[in-house]
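In the two complexes that follow, chain A is the common piece, with chain B as its partner first and chain C second.
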Partner chain A sequence: MAKYKTEPLKLWNKAKEIRQQYYKNYATAHEKGGIRWAGGAWTFDAVPAGLGEDVYSLTSEPYGASVAWNKNFALECQEAAEAFGFARDLCSYMRNYWGSILIDKYVFGGPFPKPDFLWQDHICCSHAKWYQNISYLEGGIPMYCVDMGAGAYKPFAEVTESQIDYIANQLLDGIEWLEKVTGRKFNDELFFEACWNDFRSTSRWAQICELNRAVPAPLEEKTMYSLYVLATLQKSWKVVADFYDELYEEVKDRVDRGIAAVENERVRVITDTQPPWAFLKIFRYMEKYGCVSVGSIYTYGLEGMFVYDKEKHEFNHRPLPPKKPETREEACRMLADWHMCKPEYQHFVHPEYKTLMMDAICKQWNVDGVMLHYNRGCEGLSVGIAEVRLGLLKRGRKVMTFEGNMGDEREFDEARTVQRIDAFLETFGIRKSE
Partner chain B sequence: MITAGIDCGAKTVKVVILKDDKVIGKAIIPAGIDTKKASEEAFEEALKEAGIKKEDIDKIVATGAGRADQPFTKDSVTEVSADAKGINFLYPNVHTVIDVGAEESRAIRVDGKGMVMDFAVNEKCAAGSGAFIEAMARALEVTVEEIGPLSLQYKQEIAMNAQCAVFAESELVTLVHQQTPKPDMARAIHAGISDRIVSMARRAGLEPDIAVIGGVAKNPGFIDCLNKDLNTKVIVPDDPEFVGALGAAIAAKEI
Partner chain C sequence: MYIEEFKKYYEKRHEYAKDFKKKHPDWKIVGTFCTYYPEELMYAAKVLPVRILGSHEPQNVTEPHIFGMFCPFCRDVLAQGLQGRYDYLDGIMIAQSCLHVRQSYTSWDLHIPVDFRYYLPMPHHLQSARAKDFLKAELEKFKKALENWTGNKITDEALDEAIEILNENRRLLRQAYDFRKKDNPPMTGLEAMYMVVSSQMMHKKDHNEILKNLIEKELPNRDLGIGDHIRLMVLGSENDDVEFLDMVETITSNPAKFVIDDHCTGSRYFWNQVEPKADRLMAIAERYINRPPCPTKDWPNRLRLEHDLNLAKEWNVQGAVLLQQKFCDPHECDIPIFQRAFEEQGIKTLFLELDVLVPVGQFKIRTEAFLETLSSEDLF
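Coming up: the complex of A and B.
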């Protein structure tokens, strides 16, 4: 007999449709006289939105993950990248993406759609080189890269006006650069609206994640991957911001009615970085034990805007700014300040910051254990992960680790990982149902 | 209540039959290539020693890498849980158990009730397992039973730098050509594996008392190195290779 009631998410299909529309919009942009640009999921996508309503993007990490999910296609891309001379231990999303260019195939069908310009931010070394090589492989596409090296955000560090200016001024320069390379006049009103949509999407997604504090959890992480991804595609897109408003209402309703994501929820865990995308079935396997992954700092904080409260040791969503931006300078400063706060940025500075945020998540989300992915495919998000493990253990959390690669299935040992999961979940005194 | 635990390891199958918290029968059989057949033989032998029939057993639980291949039960626990329960049954004061088997080694931190607090597994490298000692014994042209006592006769500590079984064998060949005494080479082999195991065990957290189980625990040369590296005297149960099967038999009472 099930412990809780469950039911499918009503907005599931809509989320899938938005994602499909996004990739189609990019591929067909030129047919409608529009512009295509490419950049990372962390980039300030609100800025190119000022070029017009027919400007479409392709963000690289979700594209690399989509490739990873398609094992045969991924292998073709990886082998092409390796044959070209790129090392196998580089970021696997990056190799999937480069490989896709090299074999000239778009994972959603047709030839790989070449972008008109590259709009990126330098969050880790891989990301900077990623686009430099795309520019080279595609025959010299213009590229602009915003350096994010302004340090940690509050409360981990003091944030001075000059730190915000450092990023905001790069965005202001970037607007002039965009006008120059596209020959279009920048529309500030569209830009302001896109900034607001960005704030709405990322704040609202954080609030949706907060709803998962409920027992039973209304969402489980495998499903959350298909929901948070929309913000990684284009957080400044009104369609995405509106979708999250709608999703918030549905998830809140699930909480109010006690609808569980996993009907036999007994143990709650969180994970850490990107999962091995080709093996998401491990989450379904865990459910046989009544184990639900209620999220991770990755699904919460890659796009969700949270603030860590040092005094209360809490991790709460960042409320919307009091008003929309009214000048270009103000918009750039608001964007810079907003995105410097991104939880996933903080651990680039020190693993202790990530440990504190994860421990707060454990406390507020009623988490029993933590599963850390030693993700060989992402140097950025895996940096300091062993320190995080020690920090969590020190705080009395149960932690298991497993090795893998988010985008290269050749580096994931499914049988061994399942064996570890078995051993870890047995430590909670739970057994697998057949 | 009579329960049985069957531990289908990579090299041997072990069976323990427990009646009212007392071991009444046990058996160990080489696993060979047919786990099912070996399991049946081991079970028969244990039943014979216990003087009971299979029908007298109330519950059977399996563990070990081949636990899904035995024909007696669908109930199973992982080696980590089984080791924790088994050692807690024998030595309630043990808080760290190191299991060195034929092809895998693991370290488990246990609370006073046999619950696992943390664990670490060496699952990708033969250099932390019994297979490594077997390979090295072959290279030294001695038996597995001989290599442990032989190492205790060492006169000089030699560092073997290789962290890999394949490279270690090459290094050993070099030492043979340098006419290094066999006891010194045997010591170097055990010191190497001990070093790896201790490093893994530190990941799980070392908390006294510390016990060592698994077939390799019967090797005095390895235990001597481990005592030195851990700066303590580890506990080795009388039948260290049966602790996993014992833990499975205890788990059978709880399922």
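Coming up: the complex of A and C.
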């Protein structure tokens, strides 16, 4: 007998269609006389939007994850990257991406579509180097990269004008660079609109995540991966911003009607870092125990814009800015300030900031336990993870760890992970239903 | 002899620091991670920066703190703190560098009590015209933090004096390196490593005195009889692996010596000077931005590659050994490209991956084979 009612998400197919359209737009951009560029999921995609309405992007992390899901293709890519001389312990998304170039195959079919320029931002040790090597492997594509290393955001650190200036001024220089490499005049109106869509997408996604505080949770993390990904593709795309508005209404309706993602929800957990993409079935396995993963700082805060409230020890969505930008300078400063606040960026400065945010999530989302993925595939999101474990334990949270790799299945031991999950979930006094 | 002094200070780094503290009670000692820390400001505030390095010994204290996929160097560094070997430090500071060693700093901050801790967001986009203003603003903040902590006002005079002490050290180290261009270099690679790394652990005035004597009285007439040895370059991530350098330089079948390097424990640390100007903080900012970069800050163009190829040419290098700390992402991103570029210039390369302990036996076999390829004309 099910404890809660459940039903499929009505917008599921629409999310899939948007994703499919995105990758197709990129592949066919040149056929329509358009421009295509490549950059990371964290990058300021609102800026190239100012080049016109026929400008399409390919973001690298979601691409690397798509490759990872296709085990044979991933192996081919990884072996090509290793044969070139790249170390096997480097970011697995990066190796999947470089491998695609080396074998000249696009995971969605056809040869790998070469971008016209590279527009990236630098957050971890690999982000700029990733694109430096794309440029090298593709024979010298023009590259621009914005350094985000201006320090942590409030309340973890004071944010001074010079820190905002550093990022905003790099964006302003980047606009001039874009005009130079594409020969196009930059359209500020399109840029302002794209900025606003970025703010809408990322603020609204955070609000959707907040709805998962409800018991039963209206969404579970495996499904959330297919939803948050749209913001990693192009958060400044109106289609994405509008979709999140629609999604918010549907998820709110599920909460109002008590619709659960997992009908026998008993234990609520959160995870951390990217999952092993080729093994998402572990989430379904956990459901046999009545365990629902209600999200993670990764699914919430990679694209969702939250603010940590030190006084209340709360993690809440960041409201939209009071008004749209009206000048190029203002837009760049608003973008810089907005993205410095990104929750997933804070732990690059200190793991304690992440611990505080995760602990607040545990409190507000009614979480019983934390599953930390010691992810060999991503140094950026695994940095400080061992200290996060200690910090959460110190605060009385139940924590388990499992080791793996988001994009390289050779480093994931499924049987061992399942055994660890069994042991962890049994500590909550629950048993698996067959 | 003077050159042997450096080894002594390298090996007795803790004794030196403790002794320094006794002799200079008005100074404080701050442990630093990486080499982007602005030493000039610290000297001007009567703070002695000492670089924290590992001890190349097995340890079992860092596993709960740093995930094993991060480089052995950052874990070895943290182990020193957890084992209480730097218990004389008054503070710690890091100028933002790679993620790996950043964890040594943050775990130290969480678990090892010190009076002063400072995270300076050193920019990565050094090739941006915006980096200078940003770094200068960050130096202003760091200056205030040092003043508040020490109670010492950092005056222009104090800064000028600090700049000169540090610049002198950099000039002297460059002069010593120039001797290595000779056909018969008067210094081994291991000795050069001791010379540079010891400067990161002691007051530069003390170091300068030894350097001056070395350059004036010892190096001009020192004959190691190594004029016929294969000339090697060593480059890559942090390397103060004495055992490895010694092993390579004592191979007898095809003797070789390191004549130049690009490491943060070598030339990259001291290569350029502060160019004095009225705006002292800007002058300091420019020095750190223009220094030979760590690969994590070397983009979009690979300026380090151009610099390294020039070094190889100027020091007449026959082969290059690329050393990399295991899991060091910034270097791992560069190494295949560097190897190809060196080979294109006719310089053969050997790539080796370092851990805390070096498998000297295996590395020796590989190094001997490499040296054999460099001397194949003699063999056949």
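Simple rule for what comes next: the second predicted complex is superposed on the first by the 434 of 434 C-alpha atoms of A that agree within 3 Å, B and C clash if a C-alpha of one lies under 4 Å from a C-alpha of the other, contacts with A are read in each partner's own complex, and residues count from 1 in each chain.
Please note the rule applied: a residue touches a chain if its C-beta (ideal position, glycine included) is under 8 Å from a C-beta of that chain, and two chains touch if they have at least 3 such contacts.
The model shown is predicted, which means the values in this text are computed figures rather than measured ones.
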item: When chain B and chain C are modelled together on chain A, clash or fit; value: fit
item: Which superposed partner A:Cys124 touches (first chain B, second chain C, both, neither); value: second
item: Partner chain in contact with A:Glu17 - chain B first, chain C second, else both or neither; value: neither
item: Partner chain in contact with A:Glu249 - chain B first, chain C second, else both or neither; value: neither
item: Contacts of A:Thr427 with chain B and chain C, given as first, second, both or neither; value: first
item: First (chain B), second (chain C), both or neither touched by A:Arg416; value: first
item: Contact breadth on chain A, by residue count: chain C or chain B; value: C
item: CA minimum distance (chain B, chain C), superposed complexes, angstrom; value: 7
item: Contacts on chain A seen with chain B and repeated with chain C across the two complexes; value: none
item: Chain A - residues contacting chain B, complex; value: 393, 398-399, 416, 419-420, 422-423, 426-427, 429, 431, 434
item: Touch list for chain C against partner chain A, complex; value: 63-67, 69-70, 96, 98-100, 102-103, 106-107, 109-110, 119, 121-125, 128-131, 133-134, 137-138, 141, 295-296, 299-300, 302, 326-327, 329-330, 332-337, 339
item: Residue numbers on chain B that touch chain A, as the complex places them; value: 74, 77-81, 115-119, 121, 123-124, 205, 255
item: Residue numbers on chain A that touch chain C, as the complex places them; value: 84-87, 89-91, 122, 124-126, 128-133, 135-136, 143-147, 149-151, 160, 162-163, 165-166, 169-170, 173, 348-352, 374, 376, 379-380, 382-387, 389-390
